[in-house]
Each structure stands twice: as structure tokens, then as C-alpha cells.
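What follows is a set of structures to go through.
One chain, subunit A, appears in both complexes that follow, with subunit B as partner in the first and subunit C in the second.
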Partner chain A sequence: MTTHALEIARHDLLVERRAKETLTVVVPFGLAALIALPMAIGIDLPLISRIGPAAYWSTSLLFGMQIAWRNTVADTGPNRDLITLLGVSPVSRFWGRAIASAVLLVAFMFLLGVAAILLFSPQIPLTPWMLLIVLLFATGLAIVATLAADITSGLSGRSPLASVLVVPLALPLLVGAAQAVESLSRGSGILPWLLMLAAVEIVLAVAGTLAAKPLEEAAR
Partner chain B sequence: MTKVRIVMALAAIVAAYGLYLAIAAPPEAVQRTYARILHIHAPSAWLAFLAFFVTAFGSIMWRVRRKPVWDRLAASSAEIGVLFTGLALVTGMIWGKPVWGVYFDWADARMASTALMFLVYLGYLALRRATPDPQLRAARASILGIVAVVQVPLVYFSVNLVRTLHQTPTIRPGGSPIHPAMLQALMVNLAAFTLIYIALLMGRMVVGRLEEEAASAFEPVAGAAVVPPRLNGAVDV
Partner chain C sequence: MTPVLTLEKIEVRIGNVPLVSSASCSVESGQCLGIAGPNGSGKTTLLRVMATLLKPSSGRGSILGAALETAGFELVRPRIGLSSHQPALSDHLTLRENLEFVARITGHGAREVGEALETVGLAGAADRLAIHCSHGMRKRADLARLFLTRPDLLLLDEPHAGLDSSATPLVTVLVRHTTSKGGGAVIVSHDPTTMVDLADEHMTLRTGILSR
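Take a look at the complex of A and B:
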């Protein structure tokens, strides 16, 4: 099962490398959002610096989730049938998609993070903890967005509908990640927030695993 | 529809009595008369929780039995749950402004998590509306209906898990700290809201069945495209 999931993830990343949808569409769109925010605020450098982390996490959530339902992984009926006939279980398929999206999300968030530091000059310590927070956030968002992508697969107006489903379910991740960074910059303990992120992640992972097979049936 | 009317009439009688008790109950020691809005707020919130559990139950039953009635139950209950959640949020805000000084306190775990729950179930209704095929709609919505219910206990226990502005549950095992007259008014209003929920649920399920029948009446049947050959000069009879 793990081999199948990793193989699907590898395939998705290969397709993405060729199509470059994330790099040419989602990343510029996210950067545009980061640039638009200070312009809307005006010339108030301390305020811009203070809201920098919030802008980063919101943009990562709102634009990052688009990665999970990029066109390059949109399942057509025959494609789905082929994967099923190859003996790949729906759970492997779900996790393969989620892993590929998580990898792309981490890359997206890294690029966005560099842009946010340059644009906002936020007062946050760049420690290895930041990497762990980004990893937890990206993985959780990838799982919930893959779940929403599967639930809305093949529907007209899929993108806004999936966003409506993902945003409320991913808000605990946003709160956990943002508060963890806030605690890091204050020098207080971040363990409760990391535990919260991990707990949300486990719930989402269990929900995704259990829903994979019924969703496979519902897509037919 | 007669049963619905009977339950609705019963709900109206109990609600009128509940309203009388809510007005007649003594004012709260600190919040004075503002506390009376809680006779609408608390039952709305409880009924929202119940409605979402019924949605999850209907979703589970649909997955087991695959009968449209269970999907109808889940959908109808979710719609009413969203209505009650909205009512709980609005009445909470109306109460919050004079008592807490703000309409919505972001630092309050109960308020934030209730708003989150409201959004999740709006998403559930949006998903249903976006899926035209009834079988597909039931299959996908049932998964979301089961997954989404996980947050309901978290919303309920949020006041115990995180110490925030919102008070901890007033009605708890081993006695309640509120005045007996207020408790009586609260319980009667809870009964009234439960009856309103049952009447709305029954009515919505009837409407849902009629909608399904109307939709299926216009579905093309197998062989509808096949027409008999027409000879020159033939007329329709």
C-alpha cells in the first residue's frame, strides 16, 4: 500500500514538474495577494511588519489549497478506472495525492515565506521549529484539501465549492500554526500549539483514510 | 401534513407558555433583563447540536441501507441545524454587546468554534446543492455529514477545554446553580424548540419527498428517444 501511495505521489509530482501549474499559476497568484495587502494598508511600516505573519498564513491557506485541486491531478473516469484496475486501493490513491500535494505545499510555502520576509520584515525568529510548523500545517492542509477535492470531484463550480469546504475545516490548522509562531516570537512554549496541530492532523488523517473507499464509489 | 400541523400547534402552545415563563422569571442578578434572551439562545444552540447529530445518524443509515429517506433526514436536519446555529449566533451577539461589550469575541472558544461549525454545515448544504444527481449527492454528502459531526462535541466542550468568556454549562449533573423559575422557563423553552425542530423536520422531509417525486417525473425513461415511424399523411391521435 505504501509503495502504491509513493508511486502515485511520484507520478503526480512528475506531471506537475512537466506542467508547472503550481509554479506558474498558484505561486504568482499567492505573491500577488501578499503584495496587494500592504498596498491596501498604506504607508505604515510597523503595522505591515506586525501583520506579516498573519498575511503569510492566510495566503498559504487560501492559495495553498488550490494546489490540491490543480488541473494536472483532475481525475477523469478512465484514469480512475485504470488506477482501480491496476489494483491500487482507494486509500493508497488518497495518500499518494495527499503526499504529492504536501510536497508542493511545502515548496509553495517556502517561496511565499521568502517573499513575506522580504516584503513585511516580520519580527519572527527563524529557527528549526518554523520548519516543523510549516511541515505540520502543509501536511494537514494537503490532507483536508485532498479530501475536499475528492468530495467535489467532477462537479461544476468545483473550485469555489471545495474552498468553502476546506477553509472551515482547515481553520484549526491556521490557528495552531499562527499561534505557534506567535509563541515562538514571544519566547513562550509552543508545545501546546504543536500538539494541537498534531491532533488535528491525526483526526484529518483518520477521516481521509476512512472516507477514501466510499468516495471512490461516489465518484462513479 | 396533518401530523406536522399538530406538532406545530403543540409547539406554538408550549412556546407561548415558555415565553410567558421567560418574561415572568426574575431578572438575573448581574445581567438583569438581558439574560432573558438566553431562553432563545441556549435552546437554539442545543437544537443545533441535536440537528447535526441527526444529520450524522441519517448519513450513517444511508451508507448502511442506501434508502433515500435517510438522506432526506440528514439533509433536512442539516438545514434546520444551520438555521438554529445562525439563531444561536445572532442571539449570542445581541446578548454579548451589552454584557461583554462586543458583538463577537474572537478570543472566545465557544463563539469561534460555533461560527466554524456554522460554516462547515453551510459547506455541507452547498455541496448538496452543487450535486444534481440524487445518488451521487447522497453518497458524497453522507461522508461529509459523518466527518463534520466530529467537531460538534468539541464545540460543546470548548468552554471546559479552554477557559474563555463564555460560561460553562449551566445545566449539569448534580444540580443547577440557576434560580428554579429561570430553570423552569429554560426547560419549557427547550421543549418548545424541540417540538419546533420536530415539526420543521417532518415538514421538510415531506417537501423533500415531493421535490424528489417532481424531479423524477421529468427524468427521461429508457427508450423515450425511440419514436414509431411516421407514414406520410399520418396525424397524431
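Take a look at the complex of A and C:
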């Protein structure tokens, strides 16, 4: 099962590396959104610095959601049928898609993070904890988007449903990540927020794993 | 002979619209069934039921020994080879990479991938991106996948469409290979003449009704 999941992830990432559809379409818009915010505020530099982390997380959520969503629904009908008939279990497919989306999201959030530091100069200590927070957020968002793609599979209006499903499910991730970074910058403990992120992630992972097969059968 | 596939009174509806009505057929081991019918008659829908990709609204049947009413097709699906009207290829991978992906999932080696591409005459174009290939080449690559995986149940949807005269015998070779080792094949096409020499039994599907 793990081998199949890794093969699906490898396949998706190779397709993305060649096509450059997800990152080249979404990254410029994500960066533009980050750039537009300080311009709209003006020359209030302390305020710009203060809202930097919030701008980073909300941009990561909204544009990251698009990256994960595009990646998870990219399969055409015949390719999806092929993967099913090759004997790849729905659970393997779920995790393969989620892993590929998580890798893309980490790359996106890294680029966005560099831009946010340059634009907002936020007072955040760049420790390894930051990397862990980004990893937890990206993985959680990838799982949510993959789950939403499976839930809406076969529905005609699935794209509008994506934001309705993904944003509420991803809100605990947003709150957890933003508060963890806030605690990090204040020098207070971040463990409760990390545990919250990890707990949300486990719940989503279990839900995705258990729902994969019934959702695939329902879409038949 | 052992039945590879049996369908009894299969009905497929979307809402109140019947796509296939009370279709019954069977494919024995070593047999090829040809189903002809005009566009929109329900051929692809019926083929998707046979491939376990579409759950019928009612009816019974079995695919390679697995009852159609159950949801446990995990062991059976890898033994089914489906070639759809639209080839199952990732546009941004080369033909070789597309086949290598299939090979890694199914436990075949790189040598077998090369042989399959050679069989369908695509050895020279193996490193071309699928998006840069003609429809005929993509169809050949789809056939190469079936030569690679060698399924027990072969389901071909308009297999000759888009193939030039040098490639059409590949369909015959593939079907003969499958039936000679005890498998079964089903071909659907709008053109019955393409199946005359290939199918052991012929049926017709019109407005969702299957008849001999």
C-alpha cells in the first residue's frame, strides 16, 4: 500500500514538474496578494510588520487550498479508471495525492515565506520550530483538500463546493499555525498549539483513510 | 468452459433516464464477444459496468468470479484491462514513463516496458511526451499497456478508431493472446465490420437494449 501511495505521489509530482501548471498559475497570484497588502496599508511600517504573519497564513490558506485542490482533481476520467483497475486501493490513492499536494504546498509556502519576510519584516525568530509549523500546516491542508476532492468526486458543481468544504475544515489549522508562530515571537510555549495542530492532523488523516473506500464506491 | 463474465438483466439509469435496459450476456473462457451499436446506444456504459467502474442500478452478474452486487473488486480489478475511447495517458509524461508507471504498480520490469513498446511499434517514439503524440500513437500506447499487463478480461471500446492499417492487426493479436490463454474479451464498436473476424459471438445494443 505504501509503495502504491509513493508511486502515485511520484507520478503527480513528475507531471507537475513538467506541466508547471499548479505552481506557475497559483504562485504569482499568491505573491501578488502578499505584495498588494502593504501597498494598501501605506507607510505605517510597524503595522505592516505586525500584520505580516497574519497575511502570510491567510494567503497560504487561500492560495495553498487552490494548489492542493488543483492537484487532487487533476486526474482525467480514463486516468482515474486506470489507477483503479491497476489495483491501487482508494487509501493508497488518497495518501499518494495528499503526499504530492503536501510537497507542493511546502514549496509554495517557502516561496511565500521568503516574500513575506522581505515585504513585512515581521519580528519572528526563524527557528526550526517554524519549519515544523509549516510542515504541519501544509500536510493538514493537503489532507483536507484531498478529502474534499474525494467527497465531491463525480459531482458537477465540485469546484464551488471546494471552498465551502476546505475552508471550515482548515480553520483549526490556520488558528493553530498562526497562534504557534505568535507564541514563538512572544517567547511563550508553543507546545499546546503544536499538539492542537497534530491532533487536527490525526483526526483528518483517520477520516481520510476510513472514508477513502466508501467514497470511491459511492462515486461509482 | 468457465464464464469469465456474466450479466443478467443489468439496468443502468441516471435519474429516470435508462442508459442500459435489462442487458444479459456472458463471455466464456477463450471467447470474444462483439457488441455493435450506434453512438449513444449505451456501449461505453455497459463496458464500464463490465469493468466494475460503474455500479448498475439493478441486475446481477459476476466478473472473473466476483459478484457484481458486492463491493469487493480489489483482487479482480488488476485482472481487467480496459482500453477506453480516450487513451489513459498522462499528457506530460513520455510514452515510456506512462508505461513505467503502470509497470511499477503491477510489478513488471523496464525490459517488459521496452518489449511492449516494441510490439506496438512505438520503440522509436518512447521518449516523446504523450501530449506531442497523435491520437493513433496514443491508442497504440494504450494497447502497449495491455500487452504489458496481459489481463484475463479484455474490454476494448472502439479499439480500431484512430489506428492506421498497420496498427489494426495489433487489436487482433491482443484479443487472440488473451483468449488463447483462457481469458475473455469484449469489444464494443459502432462499426460491426471491424469485429466480424474477431468476435466469436455478436450482439447489438440499441437505445440501451442488448440483443443477439
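The working rule: the second predicted complex is superposed on the first by the 213 of 220 C-alpha atoms of A that agree within 3 Å, B and C clash if a C-alpha of one lies under 4 Å from a C-alpha of the other, contacts with A are read in each partner's own complex, and residues count from 1 in each chain.
In the analysis below, a contact is a pair of C-beta atoms (placed from the backbone, for glycine too) under 8 Å apart; a residue touches a chain by one contact, two chains touch by 3 or more.
From a predicted model like this one, the values you see are computed outputs, not experimental measurements.
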Inset, instruction - Once the structures are superposed on A, label A:86 by its partner contacts, choosing first (subunit B), second (subunit C), both or neither. - result: second
Inset, instruction - Look at A:125 in the shared chain and tell me whether it touches subunit B only, subunit C only, both, or neither; answer first, second, both or neither. - result: neither
Inset, instruction - Have a look at where A:217 lands relative to subunit B and subunit C in the superposition and call it first, second, both or neither. - result: both
Inset, instruction - Classify the contacts of A:155 with the two partner chains as first (subunit B alone), second (subunit C alone), both, or neither. - result: first
Inset, instruction - Identify the partner contact of A:78: answer first if only subunit B is touched, second if only subunit C is, both if each is, neither if none is. - result: second
Inset, instruction - Using the superposition on chain A described above, determine whether A:28 touches subunit B (first), subunit C (second), both, or neither. - result: neither
Inset, instruction - Give one of first, second, both or neither to describe whether A:189 is in contact with subunit B, with subunit C, with both, or with none. - result: neither
Legend entry - Overlapping contact positions on subunit A, where the subunit C interface meets the subunit B interface: 217
Inset, instruction - Would you mind writing out the residues of subunit A in touch with subunit B in their complex? - result: 147, 151-152, 155-158, 161, 164-165, 167-169, 171-172, 203, 207, 211, 214-215, 217-218
Legend entry - subunit C residues within the subunit A interface of the complex: 48, 51-55, 71, 74-75, 77-78, 80-82, 84, 86-93, 97, 101-102, 104-106, 129, 145, 149
Legend entry - Touching residues on subunit B, where the partner in the complex is subunit A: 63, 116-117, 119-120, 122-123, 126-127, 130-131, 136, 139-140, 142-144, 147, 150
Inset, instruction - Give every residue of subunit A touching subunit C within the complex, in rising order. - result: 4, 7, 11, 14-15, 18-19, 76-79, 81-89, 217, 220
